[in-house]
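Shared chain: subunit A. Partners: subunit B in the first complex, subunit C in the second.
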Partner chain A sequence: MFDFAEFGYDFATDRLVVGGESMILHCHHYNCFLQRSIQDAEYIDSAPILVGAAAETAFAQLTNLLSQTPDISARKATVEALYRASGFGLIDLNTITPEGGEVRTRSTHYSTGWKEKFGRSQTPVAFFSTGFLAGALAAIYRLDPANVQASQTACRSTGADEDVFSLSRGPANFALFEPRRDVVLVAVGNDPEPATSVNREGITRAVAGMPLPGNAAGLITAFGVYLTRMYADYYNRISFAFEQQMTTLAGRQGVDVAAKLFIEAGHVCAFNTFGGIMTSAEWDALVLPMLATREDWVFGIVGCVNALGWGTWKVLDVTPNGATFRIYNDYESVGYRRMYGTADHGISYLATGGAAGLMNLVYVGDIRQKPDLTPELYNRLFKRGRGFEARMTACQATGDPYTEIRAELAEAVQGGHRLEGASVSA
Partner chain B sequence: MFDVKGVFDWAKDNGEVKAVDRILIKVMLLLIKNKVTLTAATIDKMETRMALPEELTAAIARAAEEVVGKPVPDFLLAREASNV
Partner chain C sequence: MIKAAEKVYDCLHRERYRYALGSAVDDRLLSQYGDTSAFQVSVYDARHLLPQARVTFQVQPQDGSFLINGALGLDYVTITYLRDARIAATRAAQEAILARLP
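On to the complex of A and B.
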């Protein structure tokens, strides 16, 4: 069994680092939506990016974690246990040798999640698992990932009975990236925040301490979603490598469209994960007794957000018409700086969408009444009528001392649709 | 040539929240090739039909069908007399 609790959640920066990799919680709605947004640009060969990003992070982490484990069987067991504990599914590595091999499984987060969210796929979707296995093969046998190949030859999302992954030796058939720089974190500021009776730190500690075990299929089912403890830099790499390719191909126009879809992924995340948390029995037991006002619901969910490994969120102001969230060491900024240095535009897309999403849940969707989190409600909150839109007013990736998101209530325009085109530039 | 504004509006009404942006990202290379700048905001505000190259309008219709998951209604694809 792999126990994340042994690594200790860092409450000073609200991060969980395991084997040198920042691990964050996200659900299958976000994971699949983000991947589909990238794949929508069919003129970009995104598969090598998706696989390479997973290989990069898994190899780095596993090399670290296995450094004191010489026995091959024990190394494989650790990898299998970590994969399962992360909610990625089940893998049996007994079949692989230093030359590669075939891995078959009936449970993979992306295959299961994709089918549930989007229905049957025409092509395999488990790029993350493909890359993870490539990184695992290299780490277990101390190989250079540049000499490992990986592909998915069958996928349950397409109707197959199982997922099948093929591993072999040869020049890597996925993207290899420049090494990442060391993490540079900023000190969390002592910012004045509105008075509240909500004990956010207590909520963060309680939620971060929840075990979130995988089920028999190696999937984490909680709050009505499939959760994963995913590598922050997996999301960062696939997003920013994609954004760079869009910049090369289409300039600012391409980046702006991609940014909107990345922010929409944040809406999807907030609606499903934050909504799932705020309608859960755990919320009722732990948080609800502290909530006196609607604003307290915002403070309460921010207490939970700070347990997800995303960095430290603060609420500088909140009213029914808007809110300002200041975030220290948001994982997108930290990852961007590790990979590419200082950004020339704001890149905290998940945070932007997440901020608007949580405000919509509290003030427009009235999450206090525990509505069903249906597609119809999603459309009402994010497509039609009044709703919150958010923009970055500062971004740590650009050199600002923190990331700041301003969410404001926007009125519907003619026809009932939400006005498009909210600024995303920092 | 049919009016793509009608196709975008149909996708917005019948598709997911960012249906228009998904269409735009799918046809981005053709937009660049034809030196056309289109955003969801400019489409929203446009009051008259757009004159676009045929390969682009056809690609937009195809992308709209993929995003919405059903065929674009025939009346939206009906060709209009063009002065372009």
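On to the complex of A and C.
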């Protein structure tokens, strides 16, 4: 059994670091939506990025975690246990050798989640698991990932009975990235926040300590979704590598397109995960007793957000018409700086979409009444009518001392969707 | 006693119900699932962090056919049923347990 609690949640920075990798909670809606957004740009060969990002993070983490474990069987057991505890599904590595092999499984987060969210797929979708297995093979046998190949040959999302992954030796058939550099986290500021009776730190500690047991299939069902404890830099790599390719193709317009896609993914995340949390029995048991006003609901969910490993969120002001969120060490900024240095534009897309999303849930969707979190409600909150728009007013990746998101209530645009975006430029 | 059963939308295509009960949940419900070879019961007490909080619990059978989420002192529980050939029987069995509570 792999127990994340042994690594200790860092409440000073609201991060969980395991084997040198920041691990964050996200649900299958976000995972699958983000991947599909990237794949939908057919003019970009995204599969090598998706696989390569997973190989990069898994290899780095597993190399670290296995450094004191010489026995191959024990190394494989640790990898299998971590995979399962993360909610990625089930894998049996007994069949693999230093030359590779075939891994068969009936449970993979992406295959299962994709089918639940989008229905049957025409092609395999478990790029993350493909890359994870490539990184695992290399880490277990101390190989150079540049000499490992991985592919998925069958996928349950297409109607197959199993997911099948093929591993072999040879020049990598996925993207290899420049090594990430160490980055210094910033100290969390002592910012004035509105008075509230909501014990946000207590909520963060309580939620971070809450057990998230996986089921027999290695999937974590909680708050009505499949949760994963995913590598922050997996999301960062696939997002920023995609954005770079879009920029190469279309210049600044490419950035704008990528920003819209990633902010939308943040809406999807907020709606499903924040919505699931705020309509759960766990919310009613832990948080609800402290909530008197709608503003308290915002403070309460931010207390929960700070248990997800995303960095430290603060609410500087909140009214029915808008809110300002200041975030220290948001995982997107931290990852960007590790990978590419200082950004020339704001890149905290998930935070932007998430901020608008939580405001929409509280003030437009009246989450207090426990509405069903249906696609119809999503469209009403994010596509039509009045709703919150958010923009970055500061971003740590550009050199600012923190990331800041301003969410404001906006009227519908006649005949079109509401617009949001990244307004920060260095 | 079940006062009301409200079907809740479930994005994972399971069937989920929120059962309003005649009285607050207490240990008598959890005692129904005391067979550790058949059920996995996870109890979480965060009152040392949040004094006003209630003790939460999850109950899941080994076959994963249903999942109960609730908290001691709340007057409802949520039960999510896996869609399979046994769903009607599973649901009837769980509702019978709730019905026997005060």
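Going forward, the second predicted complex is superposed on the first by the 414 of 426 C-alpha atoms of A that agree within 3 Å, B and C clash if a C-alpha of one lies under 4 Å from a C-alpha of the other, contacts with A are read in each partner's own complex, and residues count from 1 in each chain.
FYI, a contact is a pair of C-beta atoms (placed from the backbone, for glycine too) under 8 Å apart; a residue touches a chain by one contact, two chains touch by 3 or more.
In this text the structure is predicted, and so the values were computed from the model without any measurement.
Chemist: Scan A:117 for contacts with subunit B and subunit C and give back first, second, both or neither.
Modeler: Second partner only.
Chemist: With both complexes overlaid on chain A, does A:290 touch subunit B (first), subunit C (second), both or neither?
Modeler: After superposing on A, A:290 lies in contact with subunit C but is clear of subunit B.
Chemist: Touch check for A:205: first (subunit B), second (subunit C), both, or neither?
Modeler: second
Chemist: Touch test for A:264: subunit B only (first), subunit C only (second), both, or neither?
Modeler: First partner only, subunit B.
Chemist: Give one of first, second, both or neither to describe whether A:302 is in contact with subunit B, with subunit C, with both, or with none.
Modeler: After superposing on A, A:302 lies clear of both subunit B and subunit C.
Chemist: Considering only the touch criterion stated at the top, classify A:58 as touching first (subunit B), second (subunit C), both, or neither.
Modeler: A:58 sits against neither subunit B nor subunit C.
Chemist: Could you look at A:382 and tell me whether it touches subunit B, subunit C, both or neither (first, second, both, neither)?
Modeler: first
Chemist: Would you check which partner chain A:280 touches, where first means subunit B only, second means subunit C only, and both and neither mean what they say?
Modeler: Once the two structures are laid over each other on A, A:280 reaches subunit C alone.
Chemist: With the two structures laid over each other on chain A, which partner does A:29 touch: subunit B (first), subunit C (second), both, or neither?
Modeler: The answer is second: A:29 touches subunit C but not subunit B.
Chemist: Once the two structures are superposed, pull the subunit A residues common to the subunit B and subunit C interfaces.
Modeler: Of subunit A, no residue contacts subunit B in one complex and subunit C in the other.
Chemist: Mind listing the subunit A positions that touch subunit B in their complex?
Modeler: Touching subunit B: residues 37, 40-43, 246, 249-251, 253-254, 256-258, 260-261, 264, 267, 378-379, 382-383, 413, 417, 419-421 of subunit A.
Chemist: Across the complex, what residues on subunit B touch subunit A?
Modeler: 12, 16-18, 20-22, 24-26, 28-29, 31-32, 37, 39-41, 44
Chemist: Subunit C touches which residues of subunit A in the complex?
Modeler: Within the complex, subunit A touches subunit C at residues 29, 116-117, 199, 202-203, 205-206, 209-211, 213, 215-217, 221, 224-226, 272, 280-282, 284-287, 289-290, 370, 372-374.
Chemist: For the complex, give me every residue of subunit C touching subunit A.
Modeler: Checking each residue of subunit C against subunit A gives 8-13, 16, 18, 40, 42, 44, 46, 49-50, 52-56, 58, 60, 62-64, 67, 69-71, 73-74, 76-78, 80.
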